[in-house]
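Take a look at these structures.
Look at the two complexes coming up: chain A is in both, with chain B in one and chain C in the other.
And then the complex of A and B:
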């Protein structure tokens, strides 16, 4: 017993390290709160190094075989490790964004880092949850801290409203999810995912009558976290009301964690044909189609870039949900590739918007008028990101979308593939709108944008490299993602 | 001896009451109360199923965690409601309409 516990701890190092980083940040924040000079530097350095250490441990830990730890309550496998890696990199990006951002008051930046690491821990738990209790704890750690982060601007009533909406929608969906879980537990008599997976293959009709609605309720909880369509109402409002670094953070960490959990649940429970798995798959495919369409169509009319990106991230989560339709390694690999590309594209887009927001106080599309003549390099980067988000070859976004499409076409979901293609075209309209404004509209002012210093430009350039590199040389990451697919075949 | 269906019926009533409160009431504090009702109905389900269907401790632990996490959620939720009240001087859900395009 003790030995299994200690060996479990050794597989749990990334989460423990993240917890230590959080504790260290709390202590630093408390100790240095009176000293103004040099405080931020030490604090930022510690948070950066801590998260880098977590990322390195995750890379070292990456293995192709799945291990269950803590008496089967968590699984550490490739999906979990890589999803965690994406989340950690996303958090580092949001940290960097917050250091320079004017959207968060200076005295609150410490709190932002602390809460962000907390959400990250929640996401890590959710990504490797292997029983209902861990699933619930993960989703709530993720959510409760997010409510506080959404209402971060102290004297801004829009921010308070964003937090309020997030909290109310979150509470309702957590309640529905638990109600569903309680009936799943009642009918199948266990909370362990592995035991549920064995029991769902042989069900009587009376059990199905309870289980189908129960699983539907269960889906609500995940669907809310990844903002899929009937449960997406909170997402644009929360994204708009939150400070910009928080929005960038929300569009990466909770989303990746939620979809990783959806993938795991689908893969465990519904890999075999049954009435239940058919209805689950039908739910996912309908919701994915709706999510893509509603997200992309609503993004067209937006005036604020942030809100446009909120809707576009809803569209992207629709595409990511398609990966869940293909249980197994193919779905996982496509999902991980997509999240890697999505991470860098989203971060870069948010960095640019943040520069505009800090200079002009808003992030309307018109702020990008004539941007190509003021900062040509940055305009090229933004164009690359927008084209990649729309899925234009030869960029990363195209390969990511192509991988998803190829696996779902292999499974004969032709309608879904067509819907994805149409949505890609719709999204091209609003992504290219930014490019059009940058190139063809005369600029209003030649004023210098302070955030776009040479150091920052260099960093943005480095972030843009993976977006292009993954598009041209996409086989290079197969070592990271695809070794597993060979070992399974 | 109370049977399992009675427990399930009570928890279902709690669930419906919670849903009704959330949909019908316009007061934000009342909506938070509705959420609590739903969480409690789920906790009651877990305990009842543990007693009648299987005898391990999973359900009990689950309901304990539900109680703790619901408390945390209510704390954060109420803090946000207070902030909202200070800024907007209202706890009416229809006043939270600044963020609609």
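And then the complex of A and C:
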């Protein structure tokens, strides 16, 4: 018992390290409550190094075989480790964004980091959850801290609205999910995923009558976290109301965690054909199609870049959900690849928007008018990101979409493939709008943008490298994705 | 065959990329250096293409193995960097090399962001070679799509008043078509059999999918017919086939001269090339099945394009619609699926490339003097008049271009159109007869345009125009030579394509 506990702990190092970082940050924040220059530097350095350590441990831990820890309540496998890695890098990016951002008051930057690490821990638990309890704990840790983060701008009505909206929606969906889970437990008599997975293959009709709606309720909880239609209503308002670094954080960490969890659940319970799996898969297909379409169509009319990205990220969750339709290694590989690329694209887009927001106090599209004449290199980077988000080769975003399309076409979901494709075209329209404004419109000012210092430009440049590289030599990350040999079958 | 052939295609494809690199390294304000470098670069590419033409063996059908390049790219998806050339792609490569060099010369007067212009222009050239030389569907798709990026900027930055709208419309339309093609491409990959999963166009060719069916929402479809339609739409948007043509007039009118030339001269041919390289060989049975539909669409293109051209008062728009009409002839030739028809179609692709390029270049020359393109201004007054007495050299070249695109015997357009009509007559007699009216309307709008612009009183404004200068005449000469020589003696082009086209026709005749 003790040995198994200790060996469990050794697989749990990333989460433990993240907890340590959080505690350390709390102590640092409490010790140096008044901000003076230099103190902030120590704080930032600690958070950065701490998270880098987590990322390194995750990379070391990476293995293609799965281990379950804590008497089967959590699984450490490639899907979990890599999803966590993406989340950690996303958090580092959001931290970096927050240091320079004017959208978060200076005295709150410490709180932001602490809460963000908390959300990250929740996300890591969710990505590894292997029973209903851990699943619920993960989602709730993720959510409750998020509510606080959304309402960070204390004097801003919209931020308060965002927090309240998030909390209300979150509360309701968590309740529904718990309701569903309790029925699943009631019918099957277990909360362990591995046992549920065995029992769902041999169900009687009466059990099905309860389990189908119960799983639907269960889905609501995940659907809410990944902002899939029709549970997405909170998302644009929360994204808009929250400070920019928080929005960047929200569009990466909870999403990746939620979809990783969706993938795991689908992979465990519904990999084999059954009545239950049919209804689950049908739900996912319909929701994915709706999510993509609603997200992309709504993004067209936006005036604020942040809100546009919020809707477009709904569109991307739709595509990511498709990976769940192909349970097993293939769906997982496509998902991980997509999140890798999505991570860098989203971060870079948010960095640029944040630069505008800090300079002008808003992030309307017009702010980018003639950007190409002011900062040609940066305009090229943003163009690359926008085209990549739309899925134009030879950029990472294209390959990511191609991989998702190829797995769903292999499973003969032609209609969904067409819908995904048409959504790409719709999304191209509003992504192109950014490019159009930057390149075709004259600039009103040649004023310098402080955020775009040479150091920052260099960092943005480095972030853009994977976006391009993953489009050209995508075999280079095969190791991270767990693609073993060159045989596809 | 001599040594060194094996890298020739790589040289042709990557030479323009080298050019891009050079342009980027040159300082921004050395405009003439940038121009000279680009010219040198395209000249070298043309030399490589001529070498390719000399080494090409006309008797061998299909891909000529000495030139093939195969390098693994993404191994676990069986994606290869695979290049090859046959009798269908060689004329297109030659056309591209020729037109790009000419366009660099005609772009000499561009003064706005010279560096970016030439970099994008050469980048576009590389992408076009990529499309014509790829033998891997994935690679083909990548080039097909990447090409949209330079086009978007070239139209959007250096275009006319309404350039943004035109650029976005062009990008979205083509992207829509490509997405359908992408879905079809991936479906083909998985349908090619679990052991041979492949994007290799040659391996997919030959009618392997004829008997395959797929289920969508409970109804059974023929795999090849369904995906033929997907591919068809993807390529048809590029051609453009009615009703997918609406992007074309905008893009043409707004684009700067050199881009209009490339658009009409080369890019439209990529659509029909797609039929010849991908849709026909991979789905021969579906192609035969839909051939009458293709013929009818081609006929609509011919007549509708010609009627639209007739109604235009903007001379560039008129030529843009005449392209729609002329590409209709190519579609008719493709629908014929006979030796003459298909040869005619490929020859028409080449000939239309030269003649329409001349027309657009000439309009560009005129525009640089007049800064408008109205045959009749919106207020009803004449835009041009009596150009013939004012610009004699210009008029002579214009007459050659006009008659070539009208299909006057002795000039290039005649031979290809005659071949197409010969090829299609037996299969679609009614369509042939109706399409002949297209020729008539074609003659009508061109002559009417000519009459209104070149004859009559010299209007006040036109008196200031100067005739073509040496540079302008210099770059028109090769095209003049091409339309005249290939009008009398088309063998240099026809011989190259004959074997490959014959092979495709014999594949189609099995179904």
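Observations on the structure shown:
Criterion: the second predicted complex is superposed on the first by the 478 of 489 C-alpha atoms of A that agree within 3 Å, B and C clash if a C-alpha of one lies under 4 Å from a C-alpha of the other, contacts with A are read in each partner's own complex, and residues count from 1 in each chain.
Operating definition for what follows: a contact is a pair of C-beta atoms (placed from the backbone, for glycine too) under 8 Å apart; a residue touches a chain by one contact, two chains touch by 3 or more.
Treat the numbers as computed from the prediction; the structure is a model and nothing was measured.
Applying the stated contact rule after C-alpha superposition, one finds that A:16 touches neither chain B nor chain C.
When the two structures are aligned on the shared chain, A:208 is found in touch with neither chain B nor chain C.
Contacts of A:163 after superposition on the shared chain: chain B is touched, whereas chain C is not. Applying the stated contact rule after C-alpha superposition, one finds that A:290 touches neither chain B nor chain C.
Set side by side, chain B and chain C differ in how many residues of chain A they touch, and the one touching more is B.
By the touch criterion defined above, A:56 reaches neither chain B nor chain C. Within the superposed three-chain model, A:440 lies in touch with chain C and out of touch with chain B [touch as defined at top]. In the superposition on chain A, A:412 contacts chain C only, with no contact to chain B. Against chain A, the residues of chain B that register as touching in their complex are 11, 15, 18, 22, 28, 31-32, 35, 38-39, 41-43, 45-46, 48-49, 53-54, 58-59, 61-62, 65-66, 69, 72-73, 76-77, 79-81, 83-84, 87-88, 96, 98-101. Of all the residues in chain A, the ones that touch chain C in their complex are 387, 392-394, 398, 402, 405-406, 409-410, 412, 414-415, 417-418, 421-422, 424-425, 428-429, 432, 435-436, 439-440, 473-475, 478, 483, 485-489. Listed in rising order, the residues of chain C touching chain A in the complex are 74-78, 141-142, 145-146, 148-149, 152-153, 156-157, 163-164, 167-168, 171-172, 175-176, 179-180, 182-183, 186-187, 189-190, 194, 197, 214-217. By the touch criterion stated above, chain A contacts chain B in their complex at residues 132-133, 136-137, 140, 143-144, 147-148, 151, 154-158, 160-165, 167-168, 170-172, 174-176, 178-179, 181-183, 185-186, 189-191, 236-237, 240-241, 301-303, 307.
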